[in-house]
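Below are two complexes that have chain A in common, paired first with chain B and then with chain C.
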Partner chain A sequence: MSIREKARQLFAEGVDGVLAFKRTDGVCIPHLFTKTEVEEICKDVPADQRYPVAGIVRRIFLSGLAGKIGVVARGCDERALIELGKQGQIDFDLLSIIGVACSEEQARYCECSKPYPSRIDVGSRFEGISVSEKVRAVESMEGDERLAYWLAQFASCLKCMGCRNICPVCYCVECSLEDENLVRRGSVPPDWPVFHLLRAVDMASRCIDCGLCEESCPSGIPLRTLYKKATEIVKELFDYEPGADMTQRSPLGTIGDQSELPGGAFEA
Partner chain B sequence: MSDKNLDFSYTTVPTICPYCGTGCGMLLEVIGGKISGVLPMKGHPVSDGCLCLKGWTAHEFVSSPDRLARALVGKDGDFKEVGYTEAVALVADAMRETVENHGPDSCAFVASARCTNEENYLMSKLARFAVGTNNIDHCARL
Partner chain C sequence: MMSEARGSSVKIPDDVRIVAFLCNWCSYAGADLAGVSRMQYPPNVVGIRVMCTATVSPYHVLKALQMGADGVLIAGCHIGDCHYLKGNYMTYKRYLILREILRFAGINEKRVRLEWISAAEGEKFAEVIRSFTEEVREAGLSPLRKNEVIKSEFGEKLKNAFRSLEVVK
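And now, the complex of A and B:
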C-alpha cells in the first residue's frame, strides 16, 4: 500500500486532514493535506529527509485544531507522538497513524533499535540494531580521554538552539536553556557543563532517538550518542523506554511509591 | 467535516534564509495562514539541514510589532509618519548638502544581504557613480 492510498482510506473514514509530504521545487516538504489535495501526497517518505512530524502535530494542535488528522509516521515519529500524548501535549485519540517502516540502510545509519511503528502500512520491517557502536566507542575511552572528547565537541557549540528547536519532544514554554540563572547570556560556546547536561538530563526520560538534533547541529556534535547513553541509563535504573507505549509512566512523573533510586535515596 | 469547515491549515514554504549571504535553505511553517516558525531544509546543498540562531528565528521579524513598516522622520524628539516621496526628498537634500560641504567621502552606504543582487548593484551605482564614494559596505560581513 502507498501512503496516498492509505490517506484516501483515512479520508473515507472521516479524518479532516493528513500530515504527509509534498514534492515541490525538488524538495519534500511537510504539508497538511485536505481531501481534495490527496493526489499531491508523496507516495513514499523521502528516505534521507526527515522532519519532526510529532512536533508539527503538536503545533497544529496548539493552533486550535478541531478535527481528526492522519499522520505519516516512522517508528521514531510514533514514539514521539506517544510521548507527547502521555505528557498531555497532544490528543493521541484524534490521530490516525500511517505507519512507515524505515529501510535497513536508514536503520543502520540511525543505529535505531526499532525502525518501525506499531503497525506498518508502508515498507517492510527491518528488525533494528540493538547495540549502538557509537555509544560503545565512546564508552571504551578512559575517563580523562572521554571528558576531553566531550569538551572538544561542546567547545564547537554555536548555541544555535537547533537541537532544542527541532526536537519533537521539547515543548516547554519556559526553557531552562534560556534561564539566565542557569546559562549565561551572550557567551559562545555556552557554559560547560550546564548547557549540554541540562539538555541531556531533559532528554534522559523523553528522548525517542530520532536523531534530528544531531542532524541539525551545524557543528556536528554527536548529540545522539550522548542522548542514547542517557536513555540507556534511564532504562537500566527505571526500566522506562520513552514512547514505547501509552501505559508506561515517565520516571520524572512518578517519584514516590512507584520509583526508587538505588541505595534507597527515595522512600515511599 | 468538509474542506470548507476545516478551520486549520498547515504548510511549509521552501525559501532561503534572508539574513546573510550564505544562503541556507529553510522552510517557513505557515499555520492558519500565518508564518509561525522555521524548519531547516533537509538535504539543501548549502546548509544540509542546519541553521544558525538567526535562521532559526528568521520568522519572528515578519510580523513583529517593532518592525518599521513606514517611513518615519524625527521631528522635535518624536517620530512622525511621512510618505516615501517626502522621506526620500529629505534624505536626498541632506545628502546633497553634505556632499557639497564636505565632499563625497563624507557619505557612507550600507547595503543589505536581505536585498536582491540587482538592488545591491543599484546601491553600488548610487554610492560610486551618483555620489562618488567607495564607502559602501553590507550587513553580512562573515
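And now, the complex of A and C:
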C-alpha cells in the first residue's frame, strides 16, 4: 500500500488531517494535508531525508488544533510519539500511525535496534542492529583515552543548540542549557562536561535514538553514541526503554516503590 | 556551617577539593556532630546544605566537576528515613545513571559518591569524608580543573554558584 492510499483510507475513517510529505522543488518536506489535498501526498517516504515528525505533531497540538490526525512514522518517529504521549505532551489516542519500515541500509547507518513501527504499512521489515559498534568502540578505550576522545569531540561544539532544537523529545519551555547558573553565556565551545553531559543525563530516560541530533550537528559530534550509551545504562538499571511501550513507566518520571530500586540501595 | 568555617582564609592549593551536598535532616547534622566530637576530617571540603538530597540534581554535580571539584559527595538520609519519604529514591536513581555516564565520558566515576548518613552517625560521617578523600586523592586532581571559570578561592566560587541552593543562610 502506498502512503497516499493509506491516507485516503484514514480520511474515509474520519481523520481531520494527515501529516505526510509533499514534494516541493524536488525536496520532500513534511506537510499537514487536508482531505482535499490528498492527491499531493508523496507516495513514498523520502529515503534519506528524515524529520522530527513527533516534534511537529507536538507543535500541531500546541497550536490548538484539536482533531484526529494520521501521521507517517518510522520506528523512531513512533517511539518519540509514544514517549511524548507518556509525558503528556501529545494525546497519542488522537493519532493514527501510517507505519513505515526503514531500509536495511538506513537501519545499518543508524545502528537502529528497531527500524520499524509496531504496524508496518509501507516497506518491509529489517530486524535491526542490537549492538552498537560505535558505543563498544568508545567503551573499549581506557578512561583517559575516552576523556581525550570526548574532549576533542566537544571542543568543536558551536553551541548552536541544533541538537536540542531538533530533538523530538526535548520540549521543556525553560531549558537548563540556557540557565546561566549552569552554563556560562557567551563562551564557545560551551563548558564541558556540564553542557553535554547535562543533556546526556536528561536523555538517558527519554532518547528514542532517532539520531537527528547527530545528523544536524554542524561539527559532526557523535552525540548519538553518547545518548545510545545513556539509554543503555537506563535499560540495564531499570529495564526501561524510552518509547518502547505506552504502559511502561519512566524510572525518572515516577518515584516508584522501594522494591523497584536497583539492588544495593542500602550500601550505596 | 562547614562552608563558613572553611572560609576564604584557608588555602588548600595542592590537595583534592571536595564538594559535599549534605541533607539538612541527617548528614548535615551528622557533620555537626563530627565537628562537635572533635573528629578529624580533612580541611578540603566545602559543604552545601540542601533540604533533601533529591534537590541535588545531576546538573549540580556536573557543575561542581565543571568548576574544578575533584570529588563530589552527596550524603543523605537512609532509604526509608528521608524527611520527604521517598526523595532519596530519586537521588539514588539519578546517581546510578550519572556515575555510568561519567564513566563513559572518561571521568573517573569514583569522584562522585552517594552515602546514607543519619544525624546520629557523626562517626560515620567523619569516616566517609576520610575514605572518600583518600579515594579522590588516588584518582588525582581532576583533569577538568583547567575548566575553572574563576581563579578565585574555591569555597567562595562554590558558594556563589550554589547560592540558589542555600536554603538557610
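Basically, the second predicted complex is superposed on the first by the 256 of 268 C-alpha atoms of A that agree within 3 Å, B and C clash if a C-alpha of one lies under 4 Å from a C-alpha of the other, contacts with A are read in each partner's own complex, and residues count from 1 in each chain.
We take it that a residue touches a chain if its C-beta (ideal position, glycine included) is under 8 Å from a C-beta of that chain, and two chains touch if they have at least 3 such contacts.
Model, not experiment: these values are computed from the prediction.
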| item | value |
| --- | --- |
| Fit or clash - chain C, chain B, common chain A | fit |
| Partner chain(s) touched by A:R199 [first = chain B, second = chain C, both, neither] | neither |
| First (chain B), second (chain C), both or neither touched by A:R184 | second |
| Which superposed partner A:K6 touches (first chain B, second chain C, both, neither) | neither |
| Partner chain in contact with A:R58 - chain B first, chain C second, else both or neither | neither |
| Which superposed partner A:Y149 touches (first chain B, second chain C, both, neither) | second |
| First (chain B), second (chain C), both or neither touched by A:K228 | neither |
| A:L158 touches, of chain B and chain C: first, second, both or neither? | first |
| Contacts of A:D48 with chain B and chain C, given as first, second, both or neither | first |
| Least C-alpha distance (whole Å) that remains between chain C and chain B when both complexes are overlaid | 23 |
| Intersection of chain A interface sets (partners chain B, chain C) | none |
| Chain A partner contacts - residues on chain C that touch it in the complex | 58-59, 62-63, 65-66, 78-80, 86, 89-90, 92-98, 100-108, 114-116, 143-144, 147, 149, 161, 164 |
| Contacting residues of chain A [partner chain C, same complex] | 138-139, 141, 143-151, 176, 181-182, 184, 191-194, 197-198, 200-201, 204-205, 226, 229-230, 233-234, 237-238, 251-252, 255-256, 258, 261-262, 265-266, 268 |
| Complex contact set, residues of chain A against chain B | 14, 16-17, 19, 24-25, 27-32, 34-36, 46, 48-52, 56, 59-60, 63-67, 158-162, 165-166, 215-218 |
| Complex contact set, residues of chain B against chain A | 1-3, 6-14, 25, 27, 29, 31-32, 36-37, 39-44, 49-53, 55-56 |
